[in-house]
Amino acid sequence: MLNKNIQTFIACDSEYEDSKIVLFGAGFDGTTSFRPGTRFAPSAIRNESFGIETYSPYQNKDMTDYSYFDSGDLELPFGSTDSAIDDIAARADQILKDGKLPFMIGGEHLVTLGTVRAVSDRYKDLCIVHFDAHADLRDDYLGQKMSHACVLRRCHEIVGDDHIFQFGIRSGDREEFFFADEHTEMHRFSFDGLEETVEKLRGRDVYFTLDLDVLDPSIFPGTGTPEAGGVTFDELRKAVTLVCSRLNIVGCDVNELSPVYDQSGVSTAVACKIIREMLLALS
Amino acid sequence: MLNKNIQTFIACDSEYEDSKIVLFGAGFDGTTSFRPGTRFAPSAIRNESFGIETYSPYQNKDMTDYSYFDSGDLELPFGSTDSAIDDIAARADQILKDGKLPFMIGGEHLVTLGTVRAVSDRYKDLCIVHFDAHADLRDDYLGQKMSHACVLRRCHEIVGDDHIFQFGIRSGDREEFFFADEHTEMHRFSFDGLEETVEKLRGRDVYFTLDLDVLDPSIFPGTGTPEAGGVTFDELRKAVTLVCSRLNIVGCDVNELSPVYDQSGVSTAVACKIIREMLLALS
Amino acid sequence: MLNKNIQTFIACDSEYEDSKIVLFGAGFDGTTSFRPGTRFAPSAIRNESFGIETYSPYQNKDMTDYSYFDSGDLELPFGSTDSAIDDIAARADQILKDGKLPFMIGGEHLVTLGTVRAVSDRYKDLCIVHFDAHADLRDDYLGQKMSHACVLRRCHEIVGDDHIFQFGIRSGDREEFFFADEHTEMHRFSFDGLEETVEKLRGRDVYFTLDLDVLDPSIFPGTGTPEAGGVTFDELRKAVTLVCSRLNIVGCDVNELSPVYDQSGVSTAVACKIIREMLLALS
Amino acid sequence: MLNKNIQTFIACDSEYEDSKIVLFGAGFDGTTSFRPGTRFAPSAIRNESFGIETYSPYQNKDMTDYSYFDSGDLELPFGSTDSAIDDIAARADQILKDGKLPFMIGGEHLVTLGTVRAVSDRYKDLCIVHFDAHADLRDDYLGQKMSHACVLRRCHEIVGDDHIFQFGIRSGDREEFFFADEHTEMHRFSFDGLEETVEKLRGRDVYFTLDLDVLDPSIFPGTGTPEAGGVTFDELRKAVTLVCSRLNIVGCDVNELSPVYDQSGVSTAVACKIIREMLLALS
Amino acid sequence: MLNKNIQTFIACDSEYEDSKIVLFGAGFDGTTSFRPGTRFAPSAIRNESFGIETYSPYQNKDMTDYSYFDSGDLELPFGSTDSAIDDIAARADQILKDGKLPFMIGGEHLVTLGTVRAVSDRYKDLCIVHFDAHADLRDDYLGQKMSHACVLRRCHEIVGDDHIFQFGIRSGDREEFFFADEHTEMHRFSFDGLEETVEKLRGRDVYFTLDLDVLDPSIFPGTGTPEAGGVTFDELRKAVTLVCSRLNIVGCDVNELSPVYDQSGVSTAVACKIIREMLLALS
Amino acid sequence: MLNKNIQTFIACDSEYEDSKIVLFGAGFDGTTSFRPGTRFAPSAIRNESFGIETYSPYQNKDMTDYSYFDSGDLELPFGSTDSAIDDIAARADQILKDGKLPFMIGGEHLVTLGTVRAVSDRYKDLCIVHFDAHADLRDDYLGQKMSHACVLRRCHEIVGDDHIFQFGIRSGDREEFFFADEHTEMHRFSFDGLEETVEKLRGRDVYFTLDLDVLDPSIFPGTGTPEAGGVTFDELRKAVTLVCSRLNIVGCDVNELSPVYDQSGVSTAVACKIIREMLLALS
């Protein structure tokens, strides 16, 4: 008898019970102000993941030695931001309840608010490590509080001062940088200081949110708001490996791939490779 | 002294006082469920309009003989559908208040709800002529009542039974076609019956809403949900000329161009040419 | 507990036992001589199928009223044509053995040879209805007998004279047209004569193979060898409905979509809509 | 010993002495006012010509039964319109001097001025048959007399009243249509009247200039100024066959393909097929 | 009352009287020998500038604290190089006459000749700082003296020996490098030596011309003649900041963006960000 | 008399007798498992080579001072891998027989097997220098021994242990890296160690095979399997110059450009520039 067509991220087809890490897609881009399209990222990432290997020569580890589960995409209502975030939080909560690590693939960056809500409910002193080109610390954007441009500000309302650690930031309005001076630990332009931050956060519960536009748009053009002057692939690869292997990660996400803006497919291939390195480092 | 850079649809640079027709852009696509991008339509249409002539050999009329005003684009908040529709209604109302005809360029089809609200406030027995591939008569879409897929249903709540006349419809769920049987006059697949409808509506106040995906995607690929089997350019050109020249149009819109999906630029050029024919027929 | 991500053509997620029609993908393009890329068609078609409705206003039928099963894609070895065709025949045979109808999504046209082999093993007097821009009747192509350009010639070796009925053919070398004069029933350029052919084939076992490049490239640019002068979408839609609803179809395929050559996505949307109409007409 | 790489339009590799028809490319687009890129057409057409067959089922003729010569592209100086036109005239003159028919592939439409100059030097009562979306009858364009938008006006200065026969025209400024009323025989929008014109021109020397944008942009998006509402491929195919087979053509050109605006390659394939039909009809 | 649609580079909408810096677009590409398209750069840059912030974290300055004026694009005649350059010189002269700094957005590099003519009329001992991949020092190109490939050679005829300082040059014919050895100060491949040059030029009047293809095509693919081996974004950002903040700039330009060759939009975003950094450094 | 159109790589139009280096194209991609399209590379490289200069400022050498011959492309049968490789070996053998150096432009990497067979027949102790992102050391791929993923493994069967020197490798399955530990000299991720290897190989006969995907996809997106984390253009330029100028190269190839995946054309321009540097360094 034939089987239904199952489509997962490469090597993420273990059984749910056996898997410590559970992927899900949250293809929401309803508040994107400039160029939409991150809604297509989870599907594109699954499709293209079969172009990479399961083995990493960087870490000398193979995904086939571990168990991962891909639970597919949430069907999210466009035009209703609040209920989309609620649905994301519910999915993350279910995974956490089963003692597993939620690994979300966005979508625009606002989706992080859903998982952070769920994770912070269970981990009281949660810290957030944030890689991004943009500060995302606006209080509102064109009057909207629920916006991709405000997501770390909303997270700050949950986790409070001195719990957010930002790296690679190179864009924002002046007020966001002022806010960061007071309330977060922001490292501009690069990963300088990441080693020290990782040392400091050892043993604490950490949520890791990766906005892929922290990469230079030369290697990652497929995103809504490309910001030149970003980090290289190798810098990011090393940084995510450091964070995921040395810290106690209790939830994470990768977001802001917008495949339609990169006809070459390189951006999607980069996202797949970074996700592989993260999955291996978390294992 | 030099002037600031003014950018309008071609030949729409008359003074406001002199103009009977006022264009504005409503680049909102916040509820688009499949492929977003209509937000870029008003700007693309202005840029590309300089590739067409002001003279129409079809109507033997020249835009330079009339006065049109292009008031630019509304800045609409993504992620907040209700306030976007409110802003659209306010702009339309201001134009109507000054005794002029609002001509809106979308944006997704939901923007029509804003102008229809404003127009129906002033014209009590308003009829709507609707060209589209899709019925847009869902009561809700994934739980949302404010969705592009529901816009004519929302309009029906305003204008009531027997006031909506639909042409070219070739896609929808079964319930939408049932609803149309009871509450609207729907002509499937083509403009068959348009002459009779125009005859019937003579002398009444009519709002005209044109979803450009009524065109076959061979000539209009740049749209979010292409539906093969549509009308030809010449069929649409004749139909809009008929509607705009013979009926008492009190407001109108052209929507659902998504330029990024047509690298050739043909879809945008088609939109420009249809808008020119409408403007000339309305004059 | 969460489920693994299942991805099927829209509304093809019934159970195997309940389904009379079983889809599978054969993304092989190893002999394509001009522009490759049909290997990506099955995956693209599944992804994009969620942009169309399950209801057809043309046939007034809804896919949700029937049971279809999508068994996913064969993993085919590039560089080894013979074993690819063998794998395809094996999958088709398994479906036939269970009393179901195999519905294959190519891939290049050579994949048809695999299903025709399997089907002709069970149905001895098999006829083939063939829609295509190209005759595909070469004896060999650059010395290769196993080539997309020879597939109907290979099928002719199986089913014999007067069992192949070709429509829409508008390209080939001179010898192919000579061969057709002797051995097949070829209708050039259009579907003229299809009604009569359908009448003639009533009650016989028929395999239906649809090369989508029979369509004019204005509506179907996403193919390896676009040939201007093809049929319209509505002509094809009516023709496939006629064939699938009136004949005793025992196997069928849809092939030659090459999504990468149509950045607008229209070609893939067209393929989805034609497949929906075929599935409904077969039910 | 190995040979240098020779690249010609398909089946145009006969010896010069044996060939009655000589192709050459004039990839000039220096006066293009909207979207440039026709400079790439001759090269693209040669490359893609190997995707079509040498046999035409429409005319039942095969290019391999005739002799054609492809003399390659002129190297034309951008920024110096006059010398570009001079170089074109010189090449055409050389071909005419050898008793052969010059068949030019543009380039923007202004290149026609070069060949018409050369041809009219040898054929005193020359008539011009002109297929185009645009009238090209401006006296000047932004002050320039040497512009693609003025090319038929410049030709009119050479051949005089009642020697230019235009078909398919659907765009221009008002003055161009006035000019046509007085000085040319213009058939708007279609090929209506072509049979009569061909009858009338029998026995006279005719130059045939084909601007491919006479085609509807659905089938020919790859052009600088797409104008919806054009003729179909089959209409054009029949019209060029009529003109080339029944009239005494002494020179001809095909222009305004801009390949970069059609990522699918369909426009180039269409150009190749039309050129094949013309070459066969001329033979 | 509604206003006409005004479109400027972000934050360049101050009044003319208040602004020390005046932008204008010169979208001319009439002598481009390889791939045209820079004519679309000024419009694309204005449209996309709203995707960047007005605040620069690099310089800790915000455009909203200064006054800039965008005077729109010149309408330049294609096919007539001389008059295009004259029109550019006239616009620059008008801005200079009013005591303001002309900031031109090209267009191909030849446009620089127009502004340099105007600026050198007022500043007698003018020096030119030139960033580029190409030397642009040919005496003629295919016989043309007015060519993008000759623009610095033409400028040299105006400003003379030892007044041109070139950086990043990595392409040219052999003679251009010989010429540079004798007549200009050329720094190959990088910005090595820029600090010293800036020191040397302190207090002198300097025109700054930036050909964006000095960037590596990985970050700036959208240009006519991509030359691998260029500088990084951060290198260019620092270099333009150095030049614009430390030297007495009396005119400048940014040219050679060709948006159509970068579907991702990254090249345009890069151009916008470099222009922002220049505007802030000049203030 | 006019000449047939000859198309070669820039400055490779010398006579065969005079040339020490002979180019040929092998546009085969029949075993490509992920994204096909390298078949178009030789033609694209010839067309675009006229966008670069013949002079290299890096080596201060000009191609016009040397003689090169471009013998065009092999016509290879798709679907028959063995005969394609045989045809390649035959062409290489003919060039070697005439005492010249074969310089092949692929195509997928498997084409290297053809030239290595021919070269190793004449040079008994042949060493291979291999730049690539992928190890290409699989014993089979989906059961196929003749696959691009196995090409260096097949070469190893010819040249034996310690005769293959690999650089830049950053992808493969675990077994390939194990195999390399035993049988080849593999340098991961970069060109570290290249100087020493070149020193060691002085005086020996060396075949050089360059898979362009050794480059980072930021500068070379146009390839079938992009692998982030590659070398920069300048690193590759220096490395190929070192290898080609200091070693006794008896044959070489450049492969895996897939132009359709890079709409900007940068990847093709990069390939052209690398080929120029190789040709100059070999002279």
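For reference, chains read A, B, C, D, E and F in written order, and residue numbers begin at 1 within each chain.
We adopt the following convention: a residue touches a chain if its C-beta (ideal position, glycine included) is under 8 Å from a C-beta of that chain, and two chains touch if they have at least 3 such contacts.
Just so we're on the same page, UniProt names per chain: A, B, C, D, E, F = Agmatinase.
Note that the coordinates shown come from a computational prediction; the quantities given were computed from them, not determined experimentally.
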Set of chains adjacent to chain B (Agmatinase) and to chain F (Agmatinase): A, C, D, E
Distance in touch steps, counted as few as possible, from chain D (Agmatinase) out to chain F (Agmatinase): 1
Both-way neighbours, i.e. chains that touch chain C (Agmatinase) and touch chain A (Agmatinase): B, F
Interface numbering overlap (same over half, different under half) for chain A (Agmatinase) and chain E (Agmatinase): different
Fitted rotation between chain B (Agmatinase) and its twin chain C (Agmatinase) in degrees, CA, nearest 5: 120
Far-end chain from chain A (Agmatinase), centres as C-alpha averages: D
Repeat of interface D-F, chosen from B-C, A-C or A-E - more than half of residue-number contact pairs shared: A-C
Chain centre separation in whole Å, for chain E (Agmatinase) relative to chain B (Agmatinase) (CA means): 41
Euclidean distance of C-alpha centroids - chain A (Agmatinase) vs chain D (Agmatinase), Å: 55
Per-residue multi-chain contacts in chain A (Agmatinase), two or more chains: 216, 218-219, 263
Pairwise chain contacts under the document criterion: A-B, A-C, A-E, A-F, B-C, B-D, B-E, C-D, C-F, D-E, D-F, E-F
Complex contacts: residues of chain F (Agmatinase) adjacent to chain A (Agmatinase): 34-35, 169-174, 177, 188-189, 216-219, 221-222, 225-229, 261-263
Residue numbers on chain A (Agmatinase) that touch chain B (Agmatinase), as the complex places them: 29-33, 36-37, 39, 75, 77-81, 83, 141-144, 146-147, 260
Residues on chain C (Agmatinase) engaged by chain A (Agmatinase) in the complex (per definition of touch): 1-8, 13, 16, 22, 24, 43, 46-47, 69-73, 94-95, 98, 263
Touching residues on chain C (Agmatinase), where the partner in the complex is chain B (Agmatinase): 50-55, 57-58, 62, 216, 218-219, 233-234, 237, 263-266, 269-270, 273
